[in-house]
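By written order: A, B, C, D, E and F. Residues from 1 in each chain.
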């Protein structure tokens, strides 16, 4: 179904296994999900994307739950089924309740609506927002 | 520049003024921004959209700052210049620091990247995400 | 401001002028808008796109007003400023009232909202819709 | 398959059933489709979204068939499979023939093409469209 | 599964068969793919879209492989599963290696990321890019 | 106009200047464009994004001209004005002629059209594309 088959841990090179190990350790999960096993066909790209995701999603000025919810908001807006599934799971693991998910979805829906109203009516940006 | 001119408070009907008053009171702002003043040409629609935004953005399972940041994430993904400007201002007012904004933008960028990698490689959804 | 300068009628080749003439005659307008004058740098592409637009937007099972409004709905969803401006003008010329434009925008906003709710909750398609 | 299971009529609370009843009566359909049964996990949000859709899609300056076709145009542009299926069904029920659907799709395709040509060539908006 | 059933060669009219023949001859393929067999319900539209695709994808200033890869880049960005599948197949047939596909995907991912960073930070266009 | 002011070379820290120097040396340009000077407010993020872009856009299985054109195709599809301007300039510098740009735009337009036709008619993926 995927354009390239996922590379399972047992079939991976030591270089790729080391990245899989880091993914599992960082996220405290027992196995690596398909996204990374598909990227593994190009180990350099796998290493690069994982390093980016690890850095960007780390605890910082924003906590991991907020970051996962932002990821869901973007994925829903773009209609990426895989990403909605994986990051909704990630957000739940980080503490997102059903009530929080419902409110997240309501905000995403509303933002997608008013984005079009603002564009469609060509609303001029207020001077107060330009500071 | 907008397709219809914003209706200023002084020129608004009592029905529209009442909505403007509620917007200013709810958000604790001294004037209404152009988005609402453009929508005001259709008072019923203005009332409906404002009631929605008021309900969706209210404090709930998610706090207003998180909601504003989710709004920014969607608006950036859709490329809505007006909405980026207005909701970045809203998020800052709700407490978003520059460091938080930087991390928000990094997550939005990363999500837009991996959304395409997942779609482009047609990564199959893991059984673990389907529960 | 555009990446290539519009080619005005006076500066156009006879081949391009013939297309400009057909655009003006078909739409009953006194001059050609910038979109076509920018495409004119590649006369074959100009001819192809104009022939497509002329065929697709002609009166048929759907009348020209409905077609212009569909064009606006897509352009607003995609956030194409030029296309919103030109096709809103086209729709008005074809008879769109302010009330119709307001309802069009409300539908576009609502559809953009519920599109994300359906995607985000991964709502399964009803058997009744699969017939 | 959906992130939350649809709530069937028999399992719904009286509050949710009242909304289901209104959906079926308004649309003259014998059962509620999955979209609403998924939203029903958050009754307040279900009530809000249904009230919006009911108001926006009601007969007005635009008739219900045109509104359904606009909904399809947006859903196709966004690639929302569920919404394409449900609103194509809705449009057909409101009178859309196969010929009308074919022309609708042709317009949507054409608009998506020229939206990119206008953006990509950065075509300046004609003064005539700014009135 | 499709909204209208594909029209197989054996069931097609002579007019449609002539287009199918041209598709198979132009692409040196033994059968027509579903996209065209679905469009065939409206022979005039089938003829128009095929003539466009044939003209646009022909060898020119850009070779067919580059054109297929550009098609994939757009289809991945839009999340069109059918188009990703068909044009990835087309690009491979035109000579795209796995390494080339990997780099194509990396560029598409990166562009989708920086598109949002540029929009989100509202980066002003450099004077040097306006020449 | 941007949400944060670009940080000019003279005002940058040594850490940021080192990245600016690498950008100018890698691209053989005399100054850094606004995108990087805006990102510089968060030096760690600037370093990360630049390292990614440098790696992804380097000569490899695909040459830099093809990569720049893919970047333009994505940016046009997303409607990112800044990115269209900067990567069109980059593609021209890498050898893109006006004829090549015209064909690139024609492919992008066509792909955006047929993406919607495939989605809208819900065309089933051919078995031949699933191998």
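We take it that a contact is a pair of C-beta atoms (placed from the backbone, for glycine too) under 8 Å apart; a residue touches a chain by one contact, two chains touch by 3 or more.
Since we're looking at a predicted model, the values are computed, not measured.
Asks: Check every other chain and keep only those touching both subunit B and subunit E; list them.
Replies: Touches both subunit B and subunit E: A, C, D, F.
Asks: What is the graph distance from subunit B to subunit F, where chains are linked when they touch?
Replies: 1
Asks: Taking shared residue numbers divided by all residue numbers at the interface, is the value for subunit A and subunit E over half (same) or under half (different)?
Replies: different
Asks: Please name the chain that ends up farthest from subunit C once chain centres are defined by their CA atoms averaged.
Replies: When every chain centre is compared against subunit C, the largest gap points to A.
Asks: Measuring from the mean C-alpha position of subunit A to the mean C-alpha position of subunit F, what distance in angstrom results?
Replies: One centre to the other, that is 21 Å.
Asks: What whole-number Å value describes the gap between the mean CA coordinates of subunit D and subunit F?
Replies: Using C-alpha averages as centres, the distance is 34 Å.
Asks: Could you give the separation in Å between the centres of subunit A and subunit D, each centre being the mean of its C-alpha atoms?
Replies: Their C-alpha centroids are separated by 27 Å.
Asks: If a residue has to touch 2 or more other chains to count, which residues of subunit C qualify?
Replies: 1, 3-4, 49, 52, 77-81, 84-85, 88, 99, 102, 106, 108-110, 112-117, 119-122, 130
Asks: Considering only which chains touch which, how would you classify the arrangement: line, ring, star, complete or other?
Replies: complete
Asks: How about subunit B: which of its residues touch subunit F in the complex?
Replies: Within the complex, subunit B touches subunit F at residues 79, 84-85, 88, 98-99, 101-102, 106, 109.
Asks: If we count contacts the way the header does, which residues on subunit A are in touch with subunit F in the complex?
Replies: On the subunit A side, the touching residues are 1, 44, 48, 52, 55, 130.
Asks: Provide the residue numbers of subunit F that touch subunit D in the complex, in ascending order.
Replies: It comes out as residues 72, 76-77, 79, 81, 84-85, 105, 108-110, 112-117, 119-122.
Asks: Within the complex, which stretch of subunit D touches subunit C?
Replies: For subunit D paired with subunit C, touching residues are 1-4, 6, 31, 33-35, 38-39, 49, 52-53, 56-57, 60-62, 66-67, 69-71, 73-75, 77-78, 80-83, 85-89, 97, 99-100, 102-104, 106-108, 110-126, 128-130.
Asks: Going by the contact rule set out above, which residues of subunit A touch subunit E in the complex?
Replies: Answer in residue numbers: 3-4, 41-42, 45, 49, 78-80.
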